[in-house]
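I have a structure I would like to understand better, so I am pasting it below and will then ask my questions one at a time.
Note that the chains take the letters A, B, C and D in the order they are written out, and that residue 1 is the start of every chain.
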């Protein structure tokens, strides 16, 4: 789950990371009022789940409250990568001496959280990694021991020669690590970490991505989700416990299991079709899920044919069949449907479908070919 | 012959009285797996289906029954503790079916099981099956057939699909292993390839990967360097939108973007067979068994 | 460092362990007032750093506030193992169903905190260990992982068959472990852990011993020290950074290093003398320490001779010599002194001592013999 | 020959610019120890006494100088981190002189160094010396003499006393090791006895224990089972008041009260010589060297 900059900063601040004062505004007047209370130059920053906000014109320096109002007017409502800006962060503008990058991610290879730090901050870390990899220090953290002071200091000295700054940065790493663990992150970044001309360290931008699997046990973090800033159909799917990603094709896919779902999309493409979505109904059997899946898929006007590909293991195929029957009774389909079912309770499923006027096959390859043909207007 | 489990596997089921646990316990018992114990705190002393003794802790279960393998069907918040309990209690193989285990939990579980020399499969995996001998997890037994092919996969239902195709074509399996698709899991492709290479009954290997990470690339490297047996590979997610299943930062660390193209290239460089569709495994494997 | 029951209970309570309500009284009137506010039967419990309070009459059940006043009158001021009771804990008397023992100590052998739990609580755990060792379950904790739920549950089931009680006890173990780590304990005990007739778990007595080395970084815990309940000379010594234990003999010993100090006491005994104390001036050189050591030792009227045994490594013997000179100038000695010095800056030390009228040797064996003889009134 | 350190020991000193660190750095350099680096955060780039390069981190020091041993003179709150840093940075021996390290810190440091295969000596120990070759720690060099006796002790100044007596009697030492008296330390008697048994130059061993714990009893058991070389033992604290240096609970776990009598009995049962006074080592060792 993505959270906004202002939310990530709030978490970081509560763990001791120095953050410039800031508040969120949803109207230009609010932005002006916030800038007035600070009485200094401010930054007005679009709060959307997208990179490249600066390049898109979503981050502006404002000398005066009037200026902040004007910039907020321009930014609120603008679109950045298809997402409408609903909120801006109004934050005290920091004097910037040097900029560094500090991030942690969970790394598959070492099976540990790994710090990445670089004195070349403020720009895309991907670019640094590609062009000057020696400018990044990687430090894996063994969570059994936490982040030891010596590793934090090692990173501090990698960023700064001055021992006072190195110590300050080391403390920030430890706070960042604590925040990362406490919030259940898969990624946390401070970019840039700034040294002001007076020698203070400040986290001028902050980013956090939360592991979705943490949300059940962290209601405070789960509450940070901003559904207004996400694709509505994906929000809908998530609330129905489905994994759904909208794409641009016309073959709506309903599959159980992420691997089989991807393989199904690949096969659609292989036979010249275009998948309209990735949709994994998951492992547990529940007719309700199928009902929701059909509702979400049919809401997409691009969808010209629907393909079910279910291999029943934990999933009982009779539950899926019942779901199809229930959903189509309530809302009759306007596009053709191709059903492939095999595995657990397959015979019962076939019986249910047949009795309700559906045909179904047990072969994936032919089902996919058929769906592609139907989406193209064939029979 | 087989890898990891066989007819001597003595299984304890953690969460045996839960919805999924009880369903699959019966499936495994029907398949012939030696289910020697179940664990549900508070139900110690009872019996599952009138035959399998239930214990309050895995410690009690292992002590009383000599179970050497555990399979876990407990909800995500309890899964990490369940894996550690199994490893601490002395089984040598722990299979965690549970989906949705927080990845930070796994950063702790992984070294825990490693330092005890215990093999962990999963989490978020379908388990494994040695056709005709033993099944641990949720892979449907009737789609499998004893035979010469080792199957290893990151995905659940995709594994079923491929195994089913092989079985329908009369090509049996030594052991089918679902390693799970989570970012941090206990057993990876290389572990399985190594085991299959050592297993005299395995004559060819079918391997199903996914986009994301570099496990498949490393596996290909391993095949190239260490394997005499033929390996056929598949990658799911060739048409998946980039950046939705893995972050940029992960790509930076691994020096790889984890795309299907990159993985397939590694397979080709390792001299592996490449299955373009799931069903293409049949002919590719058949050719390599001759 | 020992802390009182009421202090340990406060720490345990703050970590979530269920503790019966209680307050400290220093006068019988206070005890009565506290009992009145509870409006139930109470226990009045002597707060001293000594075991066996119950047998000594320091723990009493009181039905009424008047009863509490009367019992407090008897307990306040009484002596338990030479320690005067200055405070009592007035706490709601719990209905007791069963009693269990739960403790953690740092174990040298496993190099881990180890839980000890037994359903045979309420009595001395040493007795259980000696007579029915199978009734104790030992569970070491790997601090890198903390106390896992499965180990806590294993202990819970060892104490109680009922799963609700087992879960409750498991939670208490986790709270106790958290308290143990947070307070920097070398020992923490709940004895008894009670199940009330209504099925609630309650920690009716609590004990904690703090690792002295933790106190510098835990000022809140250090502040719990109750100097009024300790031997005054030992308090004095500790404040002077000396390790001092008062004994009953007449040869006052000043030694550097615990091992050498013990070996010196052994040698005093070997030659028929009795050491008046254990005193380790520690490793770092500081004439002030010697001054304080002499002040503390000469305050003991039993001391008939003073023996210095210094082997200079980190300790500079000239610092020790200067300390002896300074201290004896300010407060001339009334008893003979025998000085053995060797090691770092030995020649300078000998010169300082000689110039100030002292004699000193470099041989431990003869120095000890001489001190024993002098203490016996010899020359 | 010797154990743990010799003339090839390349030492980095953590806390080299502190009060104790700088004093003993000079002592070690004077004794002939190869002091190749010092560490003080913020003083990286400077030189100690004009010759020894100072680094900000042990990592930098090891990388630049190839130091294989570290000695630690940092204050107690920083000692645990310093031990872990040294172990992580790649030295094979870490000697921690610092006194007053919280024991709970050591419950974490101990597994950390163990899983890296690093030997830790201490904390709260005087270090070790191989007379004529190298000294790491604070044992005064001039009281030692090269020779055939291995010395191991839980106490600092008591070690000096015994070594001094041996040296005055013309009996030299291979290596003198102070393992420290803290409840949890990195190297115990058995580790040292094993090393001395293997060291061809060591012909007899002097071992000084204290009351508390069961290390001496286990060492005696080890001597009985595994040692061919003669060992003479001493226990300090025969007259110490009971219960002041160790709690009851510790005694329960170990099944022992850790008294001097018990330890001396174990020595006798193992056929060890028993030194009643520190000075008795001289004759007992002399007899065993013949």
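Here is the rule we go by: a residue touches a chain if its C-beta (ideal position, glycine included) is under 8 Å from a C-beta of that chain, and two chains touch if they have at least 3 such contacts.
From a predicted model like this one, the values you see are computed outputs, not experimental measurements.
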{"item": "Given chain A and chain B, the chains that contact each of them", "value": "C"}
{"item": "Chain pair with more C-beta contacts, C-D versus B-C", "value": "C-D"}
{"item": "Computed distance of Cα centres, chain D from chain A, in Å", "value": "54"}
{"item": "For chain C paired with chain D, centre-to-centre distance based on mean C-alpha positions, whole Å", "value": "28"}
{"item": "Of all residues in chain A, the ones touching two or more other chains", "value": "144-145"}
{"item": "For chain D, residues that touch 2 or more chains besides their own", "value": "108"}
{"item": "Pairwise touch network: line, ring, star, complete, or other", "value": "other"}
{"item": "Touching chain combinations (by label order)", "value": "A-B, A-C, A-D, B-C, C-D"}
{"item": "Complex interface listing, chain A residues touching chain C", "value": "144-145"}
{"item": "Chain C to chain B touching residues, read off their complex", "value": "145, 148-151, 153-154, 157, 163-164, 166-167"}
{"item": "Partner chain A, residues of chain D touching it in the complex", "value": "41-42, 44, 56-59, 78, 81-82, 84-85, 88, 108, 112"}
{"item": "Touch list for chain B against partner chain A, complex", "value": "20, 24, 76-77, 99-104, 106-108, 110-111, 126, 138-140, 143, 153-161, 164, 181, 183-184, 208, 210-211, 213-215, 234, 236-241, 244, 247-254, 276-279"}
{"item": "Complex interface listing, chain A residues touching chain B", "value": "103, 105-109, 111-114, 116, 125-126, 129, 136, 138, 142-144, 181, 184, 186-187, 189, 209, 211, 213-214, 216-217, 245, 247, 255-260, 262-263, 265-270, 275, 278, 282-284, 311-315, 342-344, 364-365"}
